[in-house]
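Here the structure comes first, spelled out in structure tokens, and everything after it is commentary.
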Amino acid sequence: MSDTTAHDEPELVQLLTPDGELVTHPDYPLEVDADQARSLYRDLVLVRRVDTEAVALQRQGELGLWASLLGQEAAQIGSGRALRDGDMAFPSYREHGVAWCRGIAPRELLGMFRGVTNGGWDPDEHGFQLYTIVIGSQALHATGYAMGVQRDGALGDDGEAVIAYFGDGATSQGDTNEAFNYAAVNNAPVVFFCQNNQWAISEPLDRQSRVPIYKRASGFGFPGVRVDGNDVLATLAVTRAALQNAREGNGPTLIEAFTYRMGAHTTNDDPTRYRASAELEEWKRKDPILRLRTYLEKQGLADEAFFAGVDEEADRIGEQVRAECRALPDPGPLEIFDEVYAEPNVHIDRQRADFADYLASFEDAGAEGGR
Amino acid sequence: MSDTTAHDEPELVQLLTPDGELVTHPDYPLEVDADQARSLYRDLVLVRRVDTEAVALQRQGELGLWASLLGQEAAQIGSGRALRDGDMAFPSYREHGVAWCRGIAPRELLGMFRGVTNGGWDPDEHGFQLYTIVIGSQALHATGYAMGVQRDGALGDDGEAVIAYFGDGATSQGDTNEAFNYAAVNNAPVVFFCQNNQWAISEPLDRQSRVPIYKRASGFGFPGVRVDGNDVLATLAVTRAALQNAREGNGPTLIEAFTYRMGAHTTNDDPTRYRASAELEEWKRKDPILRLRTYLEKQGLADEAFFAGVDEEADRIGEQVRAECRALPDPGPLEIFDEVYAEPNVHIDRQRADFADYLASFEDAGAEGGR
Amino acid sequence: MSTNLTIGKAINAGLRRAMEADPKVLVMGEDVGRLGGVFRVTDQLHKDFGADRVIDTPLAESGIVGTAIGLALRGYRPVCEIQFDGFFFPAANQTFTQLAKLRRRSAGKVSVPVVLRIPYGGGIGAVEHHSESPEAYFAHTAGLRVVTVANAVDSYWMIQQAIRSDDPVVFLEPKRRYYEKAEVDTDAALESAAPMGRARIARPGTDATLLAYGPMVKTALQAAEADEERSIEVIDLRSISPVDYATVTESVRRTGRLVIAHEAPLSLGPGAEIAARVTEECFYHLESPVVRVAAFDTPYPQSRLEEHYLPDLDRVLDGVDRAFAY
Amino acid sequence: MSTNLTIGKAINAGLRRAMEADPKVLVMGEDVGRLGGVFRVTDQLHKDFGADRVIDTPLAESGIVGTAIGLALRGYRPVCEIQFDGFFFPAANQTFTQLAKLRRRSAGKVSVPVVLRIPYGGGIGAVEHHSESPEAYFAHTAGLRVVTVANAVDSYWMIQQAIRSDDPVVFLEPKRRYYEKAEVDTDAALESAAPMGRARIARPGTDATLLAYGPMVKTALQAAEADEERSIEVIDLRSISPVDYATVTESVRRTGRLVIAHEAPLSLGPGAEIAARVTEECFYHLESPVVRVAAFDTPYPQSRLEEHYLPDLDRVLDGVDRAFAY
């Protein structure tokens, strides 16, 4: 690699330093009152708890897999809280914090990781599309959806905006870049929100990009901005501004939320094979929850009772998540054939009927005392 | 579209004004002696003649199709002449001028458009890969090839470089953008040469990009430059510099050669359906051949005898192209099965044998007096 | 009103009617706007419906299908044109992993009524990638419906049915037949047209069933005419997925012989599935194995060889002969 | 030296031997370097051969195959890992329009000896896109060779043969069988191994032929064992394209019955072609129609349903029963 990277270390929009000090940024003024700050804190803690429980549930065999958001809570809650009711989010597979902000019950997320559904919530009800696993695909869906918003004339101060979530690795995919270009050419009301958590499974950022990711946008003709993704206030402010810009008809923005994947890629992964523990230690000091807590404490915006209350709520939610996970009903065998097509399909109907007969043959056989 | 475009009209590297005046550019010094200038002129005229003949041959039914390079001669001869013997070019389907510089006989190009081959020349012999029709694909091939050059240790002042050709439309494809990124991340010795001829069939540039194309490179972390693609000297200088940069191990460059497709997209196309004739008239005044001729004349570097000689040579070549085209042998039916696989393949062998029997049955039937 | 239309113009008229009937219908693709498409199938639509409904997209097929999915999620019904069969492949991921699966993924909460119009097949003397028959890739993919047309009447109705369908539909247009004409009653009610999933007996017969679809239907009909000794029933399949097996097996049980003709390569082409399935269902009725007449298992060759590569009248007749050799 | 190896480790050992034998052999893909691949099939290769020969690529499959083609044009022999079957599709264009066709396009002047290694198939309880069986897409594409393995011995040899081949080879690895073990003589000469195009009679029998490949071979063998009444011959196909029909039809002529089992969806799956072709060639030998036992024509379902979706021992036995019902 050449030294292009070294030259210009990008400016990071930050409103809250790792030590919990509030700072200002000329482009991103933000007013947060105590209530809002506490409520952000609550969200951060609760989604982390949901996440911790999910990891544990996977270890216990209750989930097939889990993709932890540990370390990325601020990037997700900050951006998720910037969304308005009518906005639409297109997630990847790790956006549990955004899902939380959109009113998706954790139970609904667990279904896919438990293997009882492939998604299943109603995107329109929540303004939150289904998780998308094939990297990059949803960036184009978001762009198309935003083109629909344009065609509906739903722009303006009260208009609607769209946000697409993806990771640093996803910026290498053709689809993501095609989405950047479609959005630029059509001036579509979409915000591209890249959580740069420094890793794509085992591959560090320098295998994905030679320069900071937010720079990609300029090559397509729209603004890019790097925000401290562990700073929930900055993420909120930057995302809100970008969404507002989009809804007012000024086109796309790429937000690079600079953060860190503190856990494994998924519960299948073992990061000790490819990264130094010192790196993790360093990022622990930048923990997004700690940071906001320090701020709340220093400013006297919250007392011990508040923190204890949030922890208790987290305990309750944890318990609920465990119970609801175990209670998720298994699908019946014939559901294989459901919703493959919207309209009646002779071929699928026939396969369903044949399989029902086949299954019934065992019951008959069982009744008769064995095959 | 926002007004991003309007702001910064890009600087165009130019060494020869449309009026045939030589100018200098601080970054791209070029020494051209009279011989070189005349020889460039000769190439421009001859490839234009080859092209004109091919269009005529298509009209006469001798070719199925032809993609004319009319107007793009300087972009192609300038860049083609910048290549060294060991370099490798990856063309799209319109690079007849580059092919010319790489020693591919026009006859070999015609084969594909006549439908007697799908390509067919030896890429290694000429340092010129096969034409690639699926837009964007060859940008990745070039990048991979350049990664091979790196692995061969063939860099350095005397090293090898790779060039990928594509159009303005191609910059929208995922593959092209993936190539930019692979090249950047790997610092591969490849030059991306985009002939921005303003049109992708019927779609004008603003359907492909919101900003000038050369800017795309910066988003991936490597330099982009816009050169006057109708100025053979500037194209030569800029391409030579980029290739040298690549071969010395400094990674990729994107060159946007700003030019114009003076003809139809292909012989199948009718540009009057979608573009104003005034545009063409304007570009006729920037004709790349006229420009160099004016320079040669003004500077007294060539006399009437020279120009007449080139025209005569063009006539001869035109005649030769016509004759060679008509003489191109038709493939035999069983060639359908050739070179599908490198190694013996029972399945193909069987189909070949069956088809041979089938064909023979007609001959037998014919001998017996009809089916 | 009965009008004499080519297949290309019938699709154009069908698109127009669908756009008039439903403001959510959009047309998008490369050069579909001002140019009206390289085959002029979207001619005049840009002028009459504007650039918001007839969208000249950037040159990126994954982007076309991917943004169409997004538009569908927003309630639109996009009709995408893929310029040529050979340029579908950049859109394979969006088509196979997203378009085909979104409904199932959402347990039915989401529909993606996208139509992919693809001019397909050979015989036009084109350069590489302009003559492919990729229908098997689509038909093997659950979640997609795959239909094709062989005449102007079906073209007019089936494009409208495809657009109305809440399922994603791959609509394959036989490019070398774009100029075939027929009388079309363009004023009839859409509901009165035969469902696009239904196969059609294009010519009744008693001795053998000859099944074809899209561009090969004309060849099949010619072959049936040419065969003076035997009475050949010709089926125009229309829907490649799902296949209307009721019509096909009923015919085969009557005739006892089945010959399938398609331009797609033989191995794992649609004929393979139909042959396997019909053999399962009509085992005791078949007098001979199902015969397939298809393109060879090679890349589509340079155009000077295509007359040998594509199954033509003689090859189809040879197939019929083979069926009677048992 | 005879070593007890899993399928995963045998492929790893085969890769290592190929890299030692030929400095032009490269390994590339997502996470194949330091991590050694998500299934550890490239374990330690990065350490021993360095980052220039074991390349962690950007997250872009079209880029993987596209740059591999370029490397092959430069004289390298890249072995690409596609992380999971479901993530092949972004590389469809490079694979189908370029990799498969370049030799033919160049009239033989160019070879592109690229191997695509793809862990495929279901049964591991994974989320969507991690359990697909896309072999039919490959087998329908002229210019590609498609092979798969069912045991460690074949894994060790066939990966080396695939790398040696001057044709592009899709090498399908049955991910749910990665941990199956066998003794492998890793010192034998490569030339002594059975050619990868050859099918193998995995268990001789006389009453019916049961054909499987990859992950289903184990199930087929179990079914043959479980059937106490009938003598079932099991064929491990190994090469999906081209199919070794000589071995298959010889067996079917002996047994008179053929049952095909695969994880790919039924319609237009490899079984369709084999059924059609075997019926053509063995029409008078078949006592029953060819029976296919396959996954359903639906998207791969959520993992809690996969035991029903995938053909298992019971479904295979049911297929055998059906073959004997005629």
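Every chain is named by a letter (A, B, C and D) in the order it is written, and numbering of its residues begins at 1.
Keep in mind that, in the parts below, a contact is a pair of C-beta atoms (placed from the backbone, for glycine too) under 8 Å apart; a residue touches a chain by one contact, two chains touch by 3 or more.
Only a predicted model underlies this, so the values are computations on that prediction, with no experimental measurement involved.
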Fill in the blank from the handout: Contact tally winner between B-C and B-D is B-D
Completion exercise
At the largest C-alpha centroid distance from chain D we find chain B
Fill in the blank from the handout: Cα centroid separation, chain A vs chain B, in Å, comes to 44
Exercise for the section: Measure off the straight-line distance from the CA centroid of chain B to the CA centroid of chain C, and report it in whole Å. Expected result: 35
Exercise for the section: Between chain C and chain D, tell me the centre distance in angstrom, where each centre is the average of that chain's C-alpha atoms. Expected result: 31
Completion exercise
Taking each chain's centre as the mean of its CA atoms, chain B sits from chain D at a distance in Å of 40
Fill in the blank from the handout: So chain C residues touching two or more other chains come to 57-58, 60, 62-63, 86, 89-90, 93, 97, 101, 104-105, 128-129, 142-143, 241, 267, 296-299
Handout entry: Set of chain A residues in contact with two or more other chains
Key = 117-118, 134, 172-175, 178, 181, 185, 207-208, 340, 347-348
Problem - Residues of chain A defined as touching chain C within the complex - result: 90, 117-124, 129-130, 132, 134, 137, 139-152, 174-175, 178-179, 181-182, 185, 338-343, 345-348
Handout entry: chain A contact footprint on chain C (complex, rising order)
Key = 26, 52-53, 57-58, 60, 62-63, 66-76, 90, 93-94, 97-98, 101-111, 113, 142-143, 145, 165-167, 197, 241-246
Handout entry: chain B contact footprint on chain A (complex, rising order)
Key = 1-2, 4-5, 171-175, 177-178, 181, 184-185, 187, 206-211, 215-222, 250-251
Exercise for the section: Could you pull out which chain D residues touch chain C in their complex? Expected result: 62, 86, 89-90, 92-93, 96-97, 100-101, 104-105, 128-129, 136-137, 139-140, 142-143, 241, 265, 267-273, 275-277, 279-280, 283, 288-292, 296-299, 326
Handout entry: Contacting residues of chain C [partner chain B, same complex]
Key = 30-31, 33-36, 38, 56-60, 62-63, 86-87, 89-90, 125-129, 266-267, 296-299, 301-306, 308-309, 314-315, 318
